[in-house]
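In order of appearance the chains are A, B, C, D and E, and numbering begins at 1 in each one.
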Amino acid sequence: QDSISEFRIGILGGENAQDRMTSNECYRAKAEELLGVPVKLFTPADYDGVIQGLVGGSIDMAWLGASGYAKAYLTDPDAIEPIMVKTNLDKSFGYHSIGFARKDSGITSLDDMKGKVFAFGDPNSTSGYLIPSIEIPQATGASMESGDYFGEVKFVGGHEQTIVAVANGDVDAGVTWADGMGDWEDGYNSGALRKASDAGLVDMNELVEIWKSKPIPEGPIVLRKDLPERVKLDITTLTASLPYMDADCAYSFMAGEALGFQPIDHDDYISIIEARKSKM
Amino acid sequence: MLAFDSLTKRFGANVAVKNVSFSIDRPMMVGIIGASGAGKSTLLRIINRLTDATSGKLEFEGRDVLGLKGTAKREWQSQCAMIFQQFNLVPRMDVVSNVLHGTLNRRSTLATMFNLYPTADIHTAIAILDRLGIAEHAPKRAEALSGGQQQRVAIARALMQDPRIILADEPIASLDPMNAQIVMDALRRIHEEDGRTVIANLHTLDTARRYCDRVIGMRMGKVVFDGTPEQLTTGVARDIYGADADFSESATSTSIDTIETSAARAIHAAEAIA
Amino acid sequence: MTATADTMPVTDLKQTATALIARKRFIAFAAPAVILAYFIYLFFAFDIPGLVERARMDNARILVADSYSYKTHITHDNRSGGLSFAIEGENKGTYPESMIPDFVTRNGDDSVDIALKARESAQIDGSTLRYIRPDYGTVTVTVEGRDIILDTPDGEVPDWISASNARVNITGAGGRAIVTRARTEVYRYSFGWELFWFTLDSPFYGKGFGELAGLALSGDRVVADKSNLAAMVHDFWNNAMWRHKDVIWAIFETILMAFLGTMGAALVALPLAFLAARNFTRLMSIRFAVRRFFDFVRGVDGLIWTIILSRAFGPGPMTGALAILITDTGSFGKMFSEALENVDNKQIEGVSSTGAKRLQRYRFGVIPQVTPVLLSQILYYLESNTRSATVIGAITGGGIGLLLTQAIITQKDWEEVSYYIVLVILMVIAMDWFSGWLRGRLIGRNEAH
Amino acid sequence: MAETTIGQSVGAERTTEIQDAYMAMTRTKRMYGGIMLVIFIALMTSGFMLADSRNAGGFWDGILNVFNFPGEVVKEASEKITLLPALMVKFFPSLIETINIAAASTLVGGLIAIVLSLLSTRGLARFPRLIGLFRRLMDIMRAIPEIVVALVLIFVLGGGPVPAMIAIALHTTGALGKLFSEINENASLKPLEGLESTGATWAQRMLLGVVPQVAPNWLSYALLRFEINIRASAILGFVGSGGIGYDLKNAFSWGQGRYDEVAAIFILLFLTIVFFDQLSSHYRNKLVGKV
Amino acid sequence: MLAFDSLTKRFGANVAVKNVSFSIDRPMMVGIIGASGAGKSTLLRIINRLTDATSGKLEFEGRDVLGLKGTAKREWQSQCAMIFQQFNLVPRMDVVSNVLHGTLNRRSTLATMFNLYPTADIHTAIAILDRLGIAEHAPKRAEALSGGQQQRVAIARALMQDPRIILADEPIASLDPMNAQIVMDALRRIHEEDGRTVIANLHTLDTARRYCDRVIGMRMGKVVFDGTPEQLTTGVARDIYGADADFSESATSTSIDTIETSAARAIHAAEAIA
């Protein structure tokens, strides 16, 4: 099949549904112009909604996290292919999982967390679950089961929920993502903490960093494999040239300052896939 | 014309109709009387094929009625219309629609699903209602009518079937004396004017005497009397009903003139003890 | 009257009666006691003491305050200079160059006076912020290179200021201020849902109702290519801040899910119900199979159906509608078949005696009887499914449910949350009213149960 | 005889008139019926098409894939079938929490509903003027979806079962209150008047006069509601509160590799719902049968 | 003792009780008679404060009854017990509990919630039931009893209140003649033995004549007769009932001997027209 009747983009959570629509509206309009078919944005309630859509064939394109990609790949290796990845200003393409707690709790490192409540975000998040769930046990020497090292380990649903839960004191510490550059008090240069701080959701003075992962590869923009080649090519070109064509649009599409996009393929995610496999 | 040959119906151990044989050789008005449980209703239901007989034969003009199946059976049902004690109308539908149900057998299923009846049928229905004196109620819902009126709608439905035979199962048992008379008059007139056979289960002797050409008495499933109204003496009636000597006819009478005074008295007295 | 209890002496009767009352008394005590015991168990199972500790009443206050007020951000960029004014700090709420909020006085390119509430005020002068509280004095915060210097009248840091060398947070009674190296921000809280009707870029912003009505009627066009009314409707409908268009669409999608799901379920369940009703299906095995099928789809539950379907159909209203359809097929099937088992046989017999075919028998003997019952059940479900559709939308990603839950999860746009809640309540009440009205019209008031 | 006895024939002219009037009525009826049918079909098809177009996946594509997901779950679960019992034991405490939430909210909601329903039934109300107020109050409680209240309360009260409990209890109060007051309306006022004539207070009249009459029906509706609340409680767990729904969401989100957990939870949930469904319909039949 | 002073009750345009003034100066048994709608029930309900009067005064031993509120009002209600035509018992509760309801006013709400009735009260209740000849039904549900028995339970409840006055609104209208007599005998005996005032609405003249010390006739809300049973001639009765010359007392009689035959006839006849 070499033509499509519409093109459907799935957008991952992190902001509320309306804001997600708004940030991606300019990209949608450009894609529609280029492809000549209606382009629609969908904002499922969680990570899994997008992955299910890609695997089930009801979503054509999405910007996944690394773990999300691994999940989609493991569910159906023939469903999607990665095309692009975002590059940071320093040309790296990675970020970190950051463990953090409230300053007034007196917790400053994982050592203080023994017997306390620890929060993951979404099970399909790379920085909010996959990487910390592998690296933290290496640091503590115990598993992540509730009661083993931490008193309780739970999922609160997403990056924003983690931040809010820690700030509220519902949990003692949690993990989320940040690029690890810039100042802690700003919530780093980009990432979930920066967004929350910018939005006035938390006061970074009240939080401390207690753990930081090794760099995690940025998630890929993926397309469904059985899209017509033309469409794949058009979208790849559009995405790659976005920063030059329309800087504002690129800023809102990439959720912050970044250099641009560079091509990437499946091999860059093999380690993540292995990591995920190990959790199965 | 209509011949019963040792017709029997069993309900489990209970024999509702036992070895009934008689025949009706020309259109006439037949009254069937008998005590409650004598098998009157069952007999009529067997004729209309609402109930299947256990054994025996029933022929109509040489054709075996009990063996009919499918279309042929429905065809036969449309030829012998049934009138029920409780009218068995569709109360939420209007009178004309109820009457038009008499044509269901003739019309295609699809059209009737959407209540699409030919105009001619509708006109006929109203003409029949007029003949029965209730044309002005045509657009009302059946449930809005009085008992006597509803029973006349049921008769109209029966007539709409243009049947050879009309079966009436205690058509006046739910009615007050005034309405009972109107309904019985209507049935008699249909018999006389159209020449249709009418077989009516009746629970009062005087009605049977007054309207029927022939009376059949049943007791415990068996036919125990078959004769003209004149032959139906009080003694015979006692046999039919298995009643003892203090049997008084007036207690079951529904004729207006006989009951007038006693009813008035009854109502008066009933109020006193209420 | 003179006959006394001759079967039993009165003293015995008295004993029996006392015992009887004692037994009733025991039950009267036992029932509440069991309930009480259960509540005590729950008290610990639900960790109520911990809950009391965790409860954040200040969050409740934020929630309530935020739902009827908004804040205007006055931001100075400490790196590149320049001031911006934005409602809720959002791009879409940014004041255009030519416009400033009326409580702000501009002193220069990089300097403003801001009148806050509670007689407080603030001053941004380049990278210096002065926050003035009448009963306290002036707090000065200056960004100098990599440091942020806080200066208070008495040299102490009061508890309403949170300060580190990278960030200072001032929470006053009439406003808030945050200073980081990147920027200085002052928030002023005001009452109402700002920009609800028109955003700042609309020519109709800030006009009173009378003025708008006047404009709508007058011929002078504010926007060249549209009549004023059309322009107003357009600006309102496309309001970027409140996004009325998307919200109304979302409400509509929710109702659509409920409608398609309920009606679809009714259409599927009706014929199946005949197969499950004792008086219409003689074959025990078919009846049994159909009934177990109903039990199964009901038992699996809407939640699980939603999950299963969202994989096949992706996010959107169709998924929700199908989930409702499947679950309710079970409920309807069960209720319809019960209604069918209760039909009055007389009417069916009346119709059969005319020689009617099977379908005709159902059509005239059965349907008119069960219609009121079925309709009233269907309409009742239509109303309650509007609510379910809201929830299902939150799971599958469609309709007002998604907007609402996501707005709640981000925990900052409480005014939008209140807006959605009001709309949802209105929607459900409207559907309640509508289904009641329809029921009244179709089957008459009294027969509705 | 015929002429005199059968009603009054209304004459040929009048008959024609009636026929015409009826035909006119039939035509309007058919027209309205037709219009209604057309509107209904149009609503259904256009609604279907609209939903289809606004959905990510189309109906016709999706219908072919309906069994993919259950297939994967069943496949994985059957591979790990030996683990299922252990998993079911593992999730049992969550199930208990879900059931506790349902039970607590049914109890609390039911008790409040009793009071509200008595206050809002004509003839029983303590303050007849406030009937309208109490009714609107219940309408609003019914209208708010549980999920909204639950999520808002999570913000204030933090996580845990209590927000879900309160949310469901609120809805239950509204829903049961309405049903209860319908039942109350059918209660005979005679015993009440009898009690009033002895000088009984309002509370005594309600407890001794009304409750014995209506309690079985109340209980039957409350049981039905309990069953509904178990479902609601599971769903709330799925979107953020605790219980079995939370476990389901995590297992299901992770996907392949934990489908055995998904299957175990599905089975638990299914069995629970069927169990309480049967239990409540058994008791309802018994209770109402007695009346 | 009990004094009515131009008591009036309006229901909208309708005047149910018009300017009623009379007084009862010593414990006696008073019968109130009158046609349906004459205002008898309304009058009793005003006394018990179940209905509020529009104007006028009612004094009991110098105290203004109509002005009582709250606790004082309930206190008064407990002193003038009411017996209803339909018994107004709690049907699903056992007989003893129903009788114990007579003590509600004396006990705290909370105590009654938990059935904390003193044993002494329970024993009194049984004693009262025994006095009325129905003690052996004590543990049964009220709904399981016959009409006459239920009415006696209602009387027992009234006695349990230990009232000064017993108001009885057509206490025997729902009862068959046999039970009617038992109940009336019980009321009379209560009056005679305990010295309580009994005011009974009655719809039959002979009952009033036979049991009452004083008869009050009402017509259209007004008191049109007030005298001894002996003064209640057929002529006076005609005035009270507004009946014309063919008024026959026996039609409304419930005395067993007078109706026996006519009732039998009525039942017989009623069946015939059913």
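In the analysis below, a contact is a pair of C-beta atoms (placed from the backbone, for glycine too) under 8 Å apart; a residue touches a chain by one contact, two chains touch by 3 or more.
Just so it is clear, the structure is predicted and the values come from calculations on it, not from any experiment.
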item: Set of chains adjacent to chain A and to chain C; value: D
item: Innermost chain, where centres are averages of C-alpha coordinates; value: D
item: Of all other chains, the one whose Cα centre sits farthest from chain B; value: A
item: Angle of rotation relating chain B to chain E [CA atoms, steps of 5 degrees]; value: 175
item: Separation of mean Cα positions, chain E and chain B [Å, integer]; value: 51
item: Geometric centre distance via CA averages, chain C-chain B, whole Å; value: 62
item: Whole-Å gap separating chain A and chain B, where each centre is the average of the chain's CA atoms; value: 81
item: Separation of chain B from chain D, taking each centre as the mean of its C-alpha atoms, in whole Å; value: 47
item: Per-residue overlap in chain B, given as positions that touch at least 2 other chains; value: none
item: Two or more partner chains touched - positions in chain A; value: 8, 10, 42, 45, 52-53, 56, 58-59, 157, 168-170
item: Numbers and ranges of chain D residues touching at least 2 other chains; value: 55-58, 62, 65, 68-69, 158, 239-240, 252
item: Touching residues (chain side chain A, partner chain C) in the complex; value: 8, 10, 13, 15-18, 21-22, 42-45, 49, 52-53, 55-56, 58-59, 157-158, 160-161, 164, 168-170, 183-186, 198-201, 203-206
item: Interface residues, chain D side, partner chain E - complex; value: 188, 190-201, 203-204, 207-209, 212-213
item: List of chain B residues in touch with chain C within their complex; value: 48, 50, 73-79, 81-82, 84, 86-93, 101-102, 104-105, 109, 112-113, 154, 157, 161
item: Chain D-facing residues of chain A, complex; value: 8, 10, 40, 42, 45-48, 51-53, 56-59, 71, 74-75, 122-124, 155-157, 165, 168-170, 279-280
item: Touching residues (chain side chain B, partner chain D) in the complex; value: 96, 114-116, 119, 122-123, 126-127, 130-136, 138-139, 152, 181-182, 185-186, 188-189, 192-193
